[in-house]
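Across the two complexes that follow, chain A remains constant while its partner is chain B and subsequently chain C.
Showing the complex of A and B:
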């Protein structure tokens, strides 16, 4: 009985001794996380020299260190966020470097050209980084400002996983809009060109000339009063007994005009995109 | 006699090639296993074709990274990495080469969730839970080896006809 108990104690002590040896041999004492760009002091035991290995994102270090002293990992060696492994002799440990405060923003603003007075048409996506270009994963307030003709629309969103986004309406007036994303001292500006939307209405007149019928629109605006940009296509159509004649013309200096073939009697219509203008019953110039 | 000899040599070469080719196929590194879930991505829904492209390109990126870190060849990163991810991996490889180190990653699979897909469709953020065995090698000696479950925050950007990894950051937890 005593012999069995002695063997049990011996086995237990031996197991504990083995476990403690393994535990102490495998672990260096390091914190679980370290802020990017901070140095780290790693205590060591024993005497003599050993080789230190440090690997992490952007880092692969091998150097001799003195055991029994604290080993310094420099701020340069711990700039990049991610998983690091440090090994000294037979001991090793893993830890994480985490991003610091926001220092820069990558800002995607789309599209670069939008129609005025359109809801949710401008999108901005901001990615936030620290000074070492690590994605800042802690939630941060990101402010989105859209300014056109001294009128500003603002929205603040909390970042999640290093990213925040906003969708904004375009303003009623055309012009270059300054779209700014900012967080702390970091800020990025993009320009979104706001242009007139579809024409609100199209009105044309027709008059005879020596080549046939000259059709011409009044100045074309969108529903907010912005002139529709030059180059926009306007289609004139004349339908008579011989069939249909269609002419595409571009808006130039705010109006569009075209020459239609002479006709004794025709119905003339005008359209641009989905917007249809007035119709003229042409009776040989009367 | 010479003709017979030449024919015999030719036969040997052809037999050798035939025997060798299948081995090349067998020994080629397989793509890492990627299980991608896009159900919770937003604000834009991930299109079917995009889902397939992301899974394909992200697997290719890991394969390229594993080979690049093992062989210390930064030229393998180019097609799959860009921006800071490319810069940091290139810096790692440069330092490994100087120190005579290399890393071997035994890839045991990735559970990936798309958590953000930008409204205009040019950027995507993934959360990747990767099962890996990490080996730090000094020449031919294994200095450190550990089986680990690592969590990565990944930022992908759309390139001309593929997705490239712009950010690859391991984090303690999501």
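Showing the complex of A and C:
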């Protein structure tokens, strides 16, 4: 009997406490949402002083305030987006701080290098933040611009949960593409190198010079007409009675050239990777 | 008796000090062809080129400076970073007045032992045997301007102030295009080729893990210097990974690990490999010989030759390498030779030679 009575008293006290919390919470009037970084004025009633508690994401404030006046929560105290609880004396209230306008973008552009003229090969993912680095969860228009050789491809996507994503084709022309994501005044630039594919064909010529045989290719392009990147290895091979001579030349300014030893009769060939070019039967310069 | 002992000790001390300070060249004229060659290289070993030159025949056309440069190296070549460790001599034939002596030399270098064989003619001058040191034709490039259109790649990495979205440029895409595990006695050798398929240069290395029949790891090794580490776009390098004391019969699986890293690089110098042919050397061994030609305008200090051998199906069956102890001056051919085992030579159908280069004070 004693135990039942004790439980009844305890439940009654708990219920009264909860009722009083709800009742007192109604006494503090705060808006449901506040933009991050904007201050908040909380009106109070009564007289004398009380202790203010403000608890939110990364925030815990305790200070003495004067009752009967508006209590100011500064913009510094409300920078982080999320759920906040403010308590003054026995009164309390909750509100949400939401992200402010877009101020910065974290932009992931992938890959660093892509073959030219390939569909859906460049991906851009933008994460939008306000000036306090809160993820902006409200949908925002994000513009993706891909510019190569003054030709721009644009696409606008609405962000979802603070993230916007776009996939774009690489352009037909090789070169460093400027990939820009922008929203409002914020924009970020990345560089995606659009590169030519393997050579479509290689054609070389040979001529005698004072050191032997000078071999030189014509301008080397891929099958879309883009010049194969400088620095690509082109191997010249001359085979004659003295053995095999090879030079791994580099394409420079679109062509590759090398010096081969003088020979009375040699077979000269050229290749780059898996692409084999023409063959020359050298008869001592004739 | 009491006075005799100190006198004996003093005399002995003087004799020993005198013996220690005497120069052998001043004391030991060569009385045999082999002795002349041995004495010459004994002085070279002690870096006493003046003393060594005392054993060189006056009838030869080598001066002392050229002789010293021939033995100590020049132009920052590998020879300049080496010292003679061993000189074994063998008389090939001899008469009263002249002989032919083979000197097998072993140098200690920064990249391991380096072997050289020289057949030296030794002649009798008066009562002494002297070595006819072959005059080395030192290549001198005439003053000229060699026009170079240098090409290099620089890499801008993400900075400390960049946001987390600004990630570094991706490493070049590389691929192992062939791989072959070869038993060699109680050793397992992994040979193959790796290609930089990308359009940017990369620093590459290849690692291999041998897995035993019980699934355990038998060994892990890398290609170390048996590879061209810097690969330009579309460049192919051979690699060789040695597993000493691991029999291939115990290996169930080989796990290959190609690694690449984006690095700044230069497209120069271009080195031609001329007149490649497989021959038999003076000792009857198969060697792949040829000449290296630096087609650029800067001196290449230490060339490193990598040779890939293929069978008639195009499979890589062996990779050998060798350093050249001469620097490559611009436009000047330098001979090279790399070993090829007789067992392999029978199966070699084709080969490819590539050259690594180490250049000091490059201004690119």
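Operating definition for what follows: the second predicted complex is superposed on the first by the 176 of 286 C-alpha atoms of A that agree within 3 Å, B and C clash if a C-alpha of one lies under 4 Å from a C-alpha of the other, contacts with A are read in each partner's own complex, and residues count from 1 in each chain.
Here is the rule we go by: a residue touches a chain if its C-beta (ideal position, glycine included) is under 8 Å from a C-beta of that chain, and two chains touch if they have at least 3 such contacts.
Computed from a prediction, not measured in an experiment: that's the story for all the values here.
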Touching partner for A:38 - first (chain B), second (chain C), both, neither: neither
First (chain B), second (chain C), both or neither touched by A:278: neither
Which of chain B and chain C A:165 touches, first, second, both or neither: first
First (chain B), second (chain C), both or neither touched by A:118: neither
First (chain B), second (chain C), both or neither touched by A:267: neither
Partner chain in contact with A:108 - chain B first, chain C second, else both or neither: both
Touched partner set for A:75, first chain B, second chain C, both or neither: neither
Touching partner for A:127 - first (chain B), second (chain C), both, neither: both
Overlap of chain C and chain B interfaces on chain A (superposed complexes): 108, 111, 127
Residues on chain B engaged by chain A in the complex (per definition of touch): 43, 84, 87-89, 91-92, 95-96, 98-101, 103, 115-116, 118-120, 122-123, 125, 127, 134, 136, 138, 143-144, 146, 148, 150, 153, 155, 167-172
Residues of chain A touching chain C in the complex: 104-108, 111-113, 127, 188, 190, 193, 195-196, 198, 211, 229-233, 242-250, 252-253, 258-261, 272-273
Of all residues in chain C, those that touch chain A in their complex: 149, 151, 153, 163-167, 169-170, 195, 198-201, 232-235, 267-268, 270-277, 290, 293, 295, 331, 352-354
Contact footprint of chain B on chain A as seen in their complex: 32-33, 51, 53, 55-62, 80-83, 85, 87, 92, 94, 96, 98-99, 108, 110-111, 123, 125, 127, 129, 133-135, 137, 160-163, 165, 167
